[in-house]
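Labels run A, B, C and D following the written order; every chain starts at residue 1.
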Amino acid sequence: MTEYSVDYQGVLEEIQDEVRPFFGKGKNADYIPALAIVPGNKFGMAIHTVEGEEFLIGDARDDFSIQSISKLFTLMQVLGFEGVDIWSRVGREPSGTAFNSLVQLEYEKGIPRNPFINAGAIVVTDILASRSADTSRRIGDFYRMLSGNLSNRVDETVALSEQEHGYRNAALANLMRSFDNIQSPIPDLLDVYFRQCALTTSCADLAKAALPLACGGYSPIAHKQILTVRDAKRINALLLTCGLYDAVGSFAYTVGLPAKSGVGGGIVAVLPDHFSVAVWSPELDSYGNSLVGSKALELFTTKTGLSIF
Amino acid sequence: MTEYSVDYQGVLEEIQDEVRPFFGKGKNADYIPALAIVPGNKFGMAIHTVEGEEFLIGDARDDFSIQSISKLFTLMQVLGFEGVDIWSRVGREPSGTAFNSLVQLEYEKGIPRNPFINAGAIVVTDILASRSADTSRRIGDFYRMLSGNLSNRVDETVALSEQEHGYRNAALANLMRSFDNIQSPIPDLLDVYFRQCALTTSCADLAKAALPLACGGYSPIAHKQILTVRDAKRINALLLTCGLYDAVGSFAYTVGLPAKSGVGGGIVAVLPDHFSVAVWSPELDSYGNSLVGSKALELFTTKTGLSIF
Amino acid sequence: MTEYSVDYQGVLEEIQDEVRPFFGKGKNADYIPALAIVPGNKFGMAIHTVEGEEFLIGDARDDFSIQSISKLFTLMQVLGFEGVDIWSRVGREPSGTAFNSLVQLEYEKGIPRNPFINAGAIVVTDILASRSADTSRRIGDFYRMLSGNLSNRVDETVALSEQEHGYRNAALANLMRSFDNIQSPIPDLLDVYFRQCALTTSCADLAKAALPLACGGYSPIAHKQILTVRDAKRINALLLTCGLYDAVGSFAYTVGLPAKSGVGGGIVAVLPDHFSVAVWSPELDSYGNSLVGSKALELFTTKTGLSIF
Amino acid sequence: MTEYSVDYQGVLEEIQDEVRPFFGKGKNADYIPALAIVPGNKFGMAIHTVEGEEFLIGDARDDFSIQSISKLFTLMQVLGFEGVDIWSRVGREPSGTAFNSLVQLEYEKGIPRNPFINAGAIVVTDILASRSADTSRRIGDFYRMLSGNLSNRVDETVALSEQEHGYRNAALANLMRSFDNIQSPIPDLLDVYFRQCALTTSCADLAKAALPLACGGYSPIAHKQILTVRDAKRINALLLTCGLYDAVGSFAYTVGLPAKSGVGGGIVAVLPDHFSVAVWSPELDSYGNSLVGSKALELFTTKTGLSIF
């Protein structure tokens, strides 16, 4: 993993060219209108190095829906910023096939396998909610602090759509509640959860917000130690083993970076001590990860030789 | 991840002291007599750096049963040494909870989730067996080439015991055969598989044998490029996401190294471009990983700050 | 299946004696206080023949909570009385082990296996709710019409307790809603469902209410054809194959009558063309069926030789 | 359930006419050639009353492969004729969806749900095998005694084909063996099991062989009490709740008779104290039951009003 002076901008330009053939091979998330109507050939990518350099390409400043990537930031918030030990209420193991998410939750008595599946993220949000009022605003504030961009706000149309299609998440929350692993009133909790998924952000913002995971817990944007060095490493370990649903193994195999994806088409990844990188392209592969985004990250680590392995 | 000059020997000595309170908290594998009778307080650890230095402590030269760690070497053999593309017959994703191994294999039509669960390792051995005769000997030869120790041989008593308790593996093999994912005659195949698990080795040997994963695919012991640089990285990714059964997430979280464990009490791990490390202590935790060995590796990466994250 | 003149009253007296040793071997349902505090040694039994004779013993006129037995009457109501074809929204197969109720519902895309598991009964109630207003009252009215007892009312304390412990049912309803198999607003629907489970009744009432299943669909109490002959037979078939959760096979084997049980300790059964029989004793076996009640019914069919087989 | 003098022959003739439109809607079993090549429009039906009358139609004397119907006779043999209590080794509950047969066997520690699924039938055969030598011949002898037809023999071609496609059954047997619920050497046991499935018989034979279930355990063919009255009832209960794989509920609902089907296209059913009935037509529905045969039995109970409900 030697880098000398990587020409990041040059690499981004090559990638932008080389991903072109992959447009149209995936499919936008379509369970809510706001995600379905985004043009499929949008593509942006942003790199932020630990030395403070930023490299952007394409639609890197365009806003998109953060969706499940928000799970990474609520975890950072509860674990690091608020210093709560959450591991009696959520596990740290990959979830295996999607088909058995509910049976696993049942078999494991309401303890979700990890904080990056929906059930686990709902528990994390529940923990935040139980600590003080105005949870939704606090989650937004924390993210805006990390991204340094005050315009990262909840898209109310998206939040409302999420709510209308949120019966499966309501099933998860109720099942966990039946095992006493949810404390907040469920409608309130789901409202907060759907709102955190409806934050809008951009590749440039995301790369900044993820910097603490590349900088030993320190946010050069917020000028604050957000996480301990140890917790930053641990979250990276969780991302690598649990951050991409049922594609963690393939992603580790082809890309080799701790990362979190969202159905809005965003993926954020880090290489500790080197950089954070965010990519966005709305068409998803069969696992629900950005198809072009995954390809772009694979090209990135292949071209630079920079991965954790 | 800065190392300057780590005092590996000093660290090993500290670890040997600090793991002492953990003896007696785990439990030897007891499904076969040869594993059950090993003294529980055995402890050895070996480090081999990419620069060629070796550091040993405790029982690092004692022989023990390689068991599931053999899965790593048959994968290296088929993927690297024999250059076969195996990914249509075995997946690359973690397996989730143990409780559903058979249903998952059924649900996924006989394609095991990864090469490190039993079903996947049996497929890897089947691929080796279909390529030329005398598979058991070839597997032994490959391992002895990597370890540089010709005395790494099959313990026939262990192999026989495995056979006598191998009905579950026979069930897996037959189920995969019903999906046409096994080609060899099943009794022959299981015989080879049980024999590869019955190889004896030591921490010192294991650390040497794993060096290609730390050295970009090159074995400084065999003086050969065993794997491409890319395949070495990929196997490390697989180890990190799938190498410790249902404890991969916790192990990545607490240790942070690609690793493979066996019920004989061994664990081998690597930090690419730095070192390989092997540890052995026979008492297992509830996941079937060496309890003292896991603790030792956690102490090792905590003390040195050397992990992939 | 010859009966000549069975001495029903004599048989009931023998049974009352012979079940005595079984008190204390089961355990009241305890998830809600109202069920937990019922004296465990209560025992009542009522037989109502198709000729109009009634035989009672013990606490046969005592009120208890109908619980899941209400599922039988909502099914009779929707299928027979309101004449709706429900089989596109609920199956007719036994559910297999309890452990996989949620995964099965997921695997089968929100279609519950049968109308006697909770998920299926919630769908039946949803169908009733979608047909006209005031569902809870209509359900009560239908039952009171069949039992001929206007004092069979909702126990509001029980209904409230059900609500407070109803998170698992809320999970089921939300999961089915995510598959579009629930139409009513979920909180309203669950309210109706919990109220139907909280009806109070007695063995004497239950035996009367079940008579249409013994009389080719005709209720001699309501003086009405409630079901077609064919539907009465079909409901009996469903009861026999699906009426006792994960004990249908054992119950058919030892008792041999179509039956439905509830966690209040009641069981109602019928022998077509002969009689209906209700039994009540609050202590449950490990399957959630009245332990003494099951024993009493086994004694009843053994002594009389009257079963469907 | 009144019969007076049913014109059985007339009913059979009507059925033969009315099932005609259903040919071609199902599909022969095709995993072995001998089943695949049987003409799809074969149809035979045989009724044998408890009074000794026999009514035949169509291909009622043609031979076909007994397949899973043999499970009924090995159960009668072990339970009744040899008097063994088998219920610690096999359950009495329906199996739920097919998709989880292996996980259920694993979850329930190698105890199959009932004697009519493959795993359960293999255990029954294992019990027979452990009681004396020459199991395959004894199974054939018992069936020939019940059918009164010495020409009911193993089709060696079918037996061999079963063996060649029997990997899934081998997986089940090995899994049960890993839980110590199989005692015989597995290859020998499977050989016996595949041979019992390869018996040839006809509707006329089958109806005779099943008579003990209609005659309180007595075989008017063998002139012997084969089962106790109680065991005959119990087997009927098991058939009704477990005899048709994942279609037991629908079959009870539409036909209403205890029955056992086989992928050779045969179904045998009984009405206690009245008759046994066998039907054969090789095209199967999606559950693996004879499509035309199921329809014929539904017509039969609808026309005659004779069912157990």
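Definition applied: a residue touches a chain if its C-beta (ideal position, glycine included) is under 8 Å from a C-beta of that chain, and two chains touch if they have at least 3 such contacts.
Worth saying up front: this structure is predicted, and the values here are computed from it rather than measured.
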Chain whose Cα centroid lies at the greatest distance from that of chain C
B
When I count C-beta pairs in contact, which pair ends up with more: A-B or A-C?
A-B
Just how far, in Å, is the C-alpha centre of chain C from the one of chain B?
55
Chain centres from averaged Cα atoms put chain A and chain C apart, in whole Å, by 48
Roughly how far is chain A from chain B, going centre to centre by Cα mean, in whole Å?
32
Send over the residues of chain A in touch with two or more other chains.
99-100, 103, 107
Pairwise chain contacts under the document criterion:
A-B, A-C, B-D, C-D
Touching residues (chain side chain B, partner chain D) in the complex
99-100, 102-103, 106-107, 165, 167-168, 170-175, 177-178, 186
Within the complex, chain B is touched by chain A residues 1, 91-97, 99-100, 103-104, 107-108, 113-114, 232-234, 236-238, 240-242, 246-250, 252-254, 256, 258, 272-273, 307-309
